[in-house]
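Below are two complexes that have chain A in common, paired first with chain B and then with chain C.
Moving on to the complex of A and B:
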C-alpha cells in the first residue's frame, strides 16, 4: 500500500493546472504549517512581555488588539489553523487506511468547513475594533 | 484516488511522533482557540486572567505540553518538508542542528514565560 510519490518541485508552480486535489491538499498543508510554526515563535516573543511585568504584558496585548489589522490577521490565523486541523485529521485517517476512496471529497469538505467556520467567526474577532 | 503516499518513511520514528503529536495538537489547539478567542476574547486578556489560569496545575502542564508538542511537530514538519524538497549533505546537517537549537531555545523561553505567568518566578516590577 505504501509507495513513494514523486511530486516534483513545488517551485515548478507553472504546473498548477495539472495539480490534483491531493496535490493542493499537500501544498495547503505545507503552507499552513509554515505559517503556524512562524506564528508560534512570534506568539512566544509577544507573551515574553510577561517576564517584564504585569503592565507590560497587559498593555502589549491590549495595544495589539486595538489595531484593526491585527484583528484581520487573527482571522487569517484562524483560517490557517482550522484548515491545518481539519486536513490533519484527514491525514490521520488516511494514515490509518480509513476513507482512502474519499480523499478528494474529504479535502473539499475540509476547505468548505474551514470557510464556514472562519466566516461565522469574523464578528467575534472584529468585535470592538470597528 | 486510492493511492497512499506520505512525506515520511512510514516506519520511521519521526513519522510516528509527527502523527502522535498531531493527534494531541488537534484537540489542544482547538481548545486554545476556543478558550482565548471565543470564551474569553483576546482583546480582553489581562495578566491577572492569564495568571489565574496558569496557576492551575492541570492548565499549566497542558500549556507546557502544548508548547513542547507544537514545537516538535512544527520543526519536524519544516525539516521533513525541506528534506522532501531535496535538502541533503552538509546543508541538511546545518539545518537539522539549527532547527534543534531553535526548538530548545523556544521551549526554554516558553517555559520561562509560563513560569512568570504562573507567578513561579517574579520578574522586575513593571
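Moving on to the complex of A and C:
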C-alpha cells in the first residue's frame, strides 16, 4: 500500500444534519451535564454569602432576582436540569437493558416532556419580573 | 482475439520500426480505447431510453497519480433500472464511464462484507441498499443524487477503498474463535442448548464489514477502543455456554479493559447502521453488566 489520504475528523460535526436520535441524546446529555457543573459553582458562590450574614444573603438573592436576565436564565436552568434528569432515566433503562429498541422514542419523549415542564414553569419564574 | 488483432497490425504496418512487443501493446491499447468508446456510446443510448436517471456522485482519490492526488467528487449519470442497488450503480459507472473507479465488492448478496460505503451520509452495505430506499421515506422514489464516499474514520487508500487493517486488528484482539475449556471425546458431540443458540443467534451474523466501527463516534476519537464489531464478537463467544467458565473469564478480562466495553456511550449509531440488524448496543450493554457481576462478589 502506498500513502493514504486521511480525511481526519472534519466530517463529524459538519454532518450534524444527518445525526440520529441516539447521537443527539448523547450531545444534549453532555452539554446539559457541563451546564449543570457550571451552575454548581455559581450556586455555591451565592449560597456561601450566607456565611457573612443573613442580610448579605437576602440582598444577594433579591438583587439577582430583580434582574430579568436571571429570571430567564432560571428557566433555561430548569430546562437543562429536567432534560438531564429525564435522559438520565432513559440511560438508566438502557444500562439495565430495558426497552433498547425504543431508545429513539424515549429520547423524543424526554424532549417533549422537558418542553412541557419548562412552558408550565414560565409563569412561576417570571412572576413579578415583567 | 487479441492475438488476431496483433497479427493484422503487424502485416499492415511493416515499415514502422517497432518491436513486436510494443506493437502488440499499442494494439491492445487501441482495442481498449475502442471498447471504452463503445461502452460510453452504450451508456448514451441507455440514458436516452431510461425513464429515470440519477446522478451518482462518487468520492475520487488516487495518491499514485498527480492529477488525482487531490480528493474530489465525480458525477456519473446512471439510468435507473428496477431493483438497482448502490453497488449496481457503481458497477455501471465503472463499466461505462471510468474503469479506474475503485471499490471493493465480491458476493453482491450481503454476505462477504466487502462493500460497506458511506452513502448519502450514512454507512450502508452497497449491495444491500436499494436506490429507491435512498429517496423519500414515504414513497419509494429515485433520488436525484446519490453521494457515495468511502467509510469515514478509516484511511482512504484509493477512491472508495479504505484501509481495514485497524478494524481487523481490533477484531483479532478479542480472539474471535471457538476455544472450549475441555474438548469432547472423539465420539462425542459438542451440543448447544436451543435457548443458548437463540441468545447468540444475532451476534453470529456479523460479516466484518466495518460499518459499525466507522459510525462510532467513540471509536473515531479513541483508536484503542475495541469497537462495536469486536465487542459483539466477544459477546458471541463469551455467551456461548459450550466454551466453559475458564475461557469466559479470559474473555471478560479482555472486554473489561480500559478501552473495552466501558468506552461505549450508547449513542446507538452502530445499531442503526448495522446491515445485518445486530443489536450491537444491547450486546455491549449486556457485557457491561456481565463485567460488573464478574467483579462484584459479596460472598
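Going forward, the second predicted complex is superposed on the first by the 118 of 130 C-alpha atoms of A that agree within 3 Å, B and C clash if a C-alpha of one lies under 4 Å from a C-alpha of the other, contacts with A are read in each partner's own complex, and residues count from 1 in each chain.
Please note the rule applied: contacts are C-beta pairs under 8 Å (C-beta built on N, C-alpha and C of every residue); 3 or more make two chains touch, one makes a residue touch a chain.
Just so it is clear, the model here is predicted, and its values are computed rather than measured.
Participant: So in the superposed three-chain picture, is A:122 touching just chain B, just chain C, both, or none of them (first/second/both/neither)?
Facilitator: Neither chain B nor chain C is touched by A:122.
Participant: Between chain B (first) and chain C (second), which does A:48 come into contact with in this model arrangement: first, second, both, or neither?
Facilitator: In the superposition, A:48 touches chain B alone.
Participant: Of the two partner chains, chain B (first) and chain C (second), which one does A:94 touch, if any: first, second, both, or neither?
Facilitator: both
Participant: In the overlaid three-chain picture, which partner chain does A:20 touch, first (chain B) or second (chain C), both, or neither?
Facilitator: Both partners.
Participant: Have a look and say if chain B or chain C is in touch with more residues of chain A.
Facilitator: It is B that touches the greater number of chain A residues.
Participant: Just checking: does A:37 make contact with chain B only, chain C only, both, or neither of them? Give me first, second, both or neither.
Facilitator: first
Participant: Considering only touches as defined above, state whether A:68 meets chain B (first), chain C (second), both or neither.
Facilitator: After superposition on chain A, A:68 lies in contact with neither partner.
Participant: Shared contact residues on chain A, chain B side and chain C side combined as an intersection?
Facilitator: Residues 1-5, 9, 20-22, 91, 94-95, 97, 100-101, 103-104, which sit in both footprints.
Participant: In their complex, what parts of chain B are in touch with chain A?
Facilitator: Within the complex, chain B touches chain A at residues 1-6, 10, 19, 22-23, 25-26, 29-30, 33, 37-38, 41-43, 45-48, 50, 67, 70-71, 74-75, 77-78, 81, 85-86, 102, 106, 109-110, 112-113, 116-117, 123-126.
Participant: Within their complex, state which residues of chain C touch chain A.
Facilitator: Residues 61, 63-64, 71, 121-122, 152-153, 155-157, 163, 217, 220-221, 265-269, 271-272, 279, 281-282, 285-286, 288-289.
Participant: Considering the complex alone, what residue numbers of chain A touch chain B?
Facilitator: Chain A residues touching chain B: 1-5, 9-10, 20-22, 30, 33-34, 36-37, 40-41, 44, 47-48, 50-58, 61-62, 65-66, 74, 78, 81, 85, 88-89, 91-92, 94-95, 97, 100-101, 103-104, 121, 124-125, 127-129.
Participant: Using the touch definition from the top, list the residues of chain A that touch chain C in their complex.
Facilitator: Residues 1-7, 9, 11-12, 15, 17-18, 20-23, 25-26, 91, 94-97, 100-101, 103-104 of chain A touch chain C in their complex.
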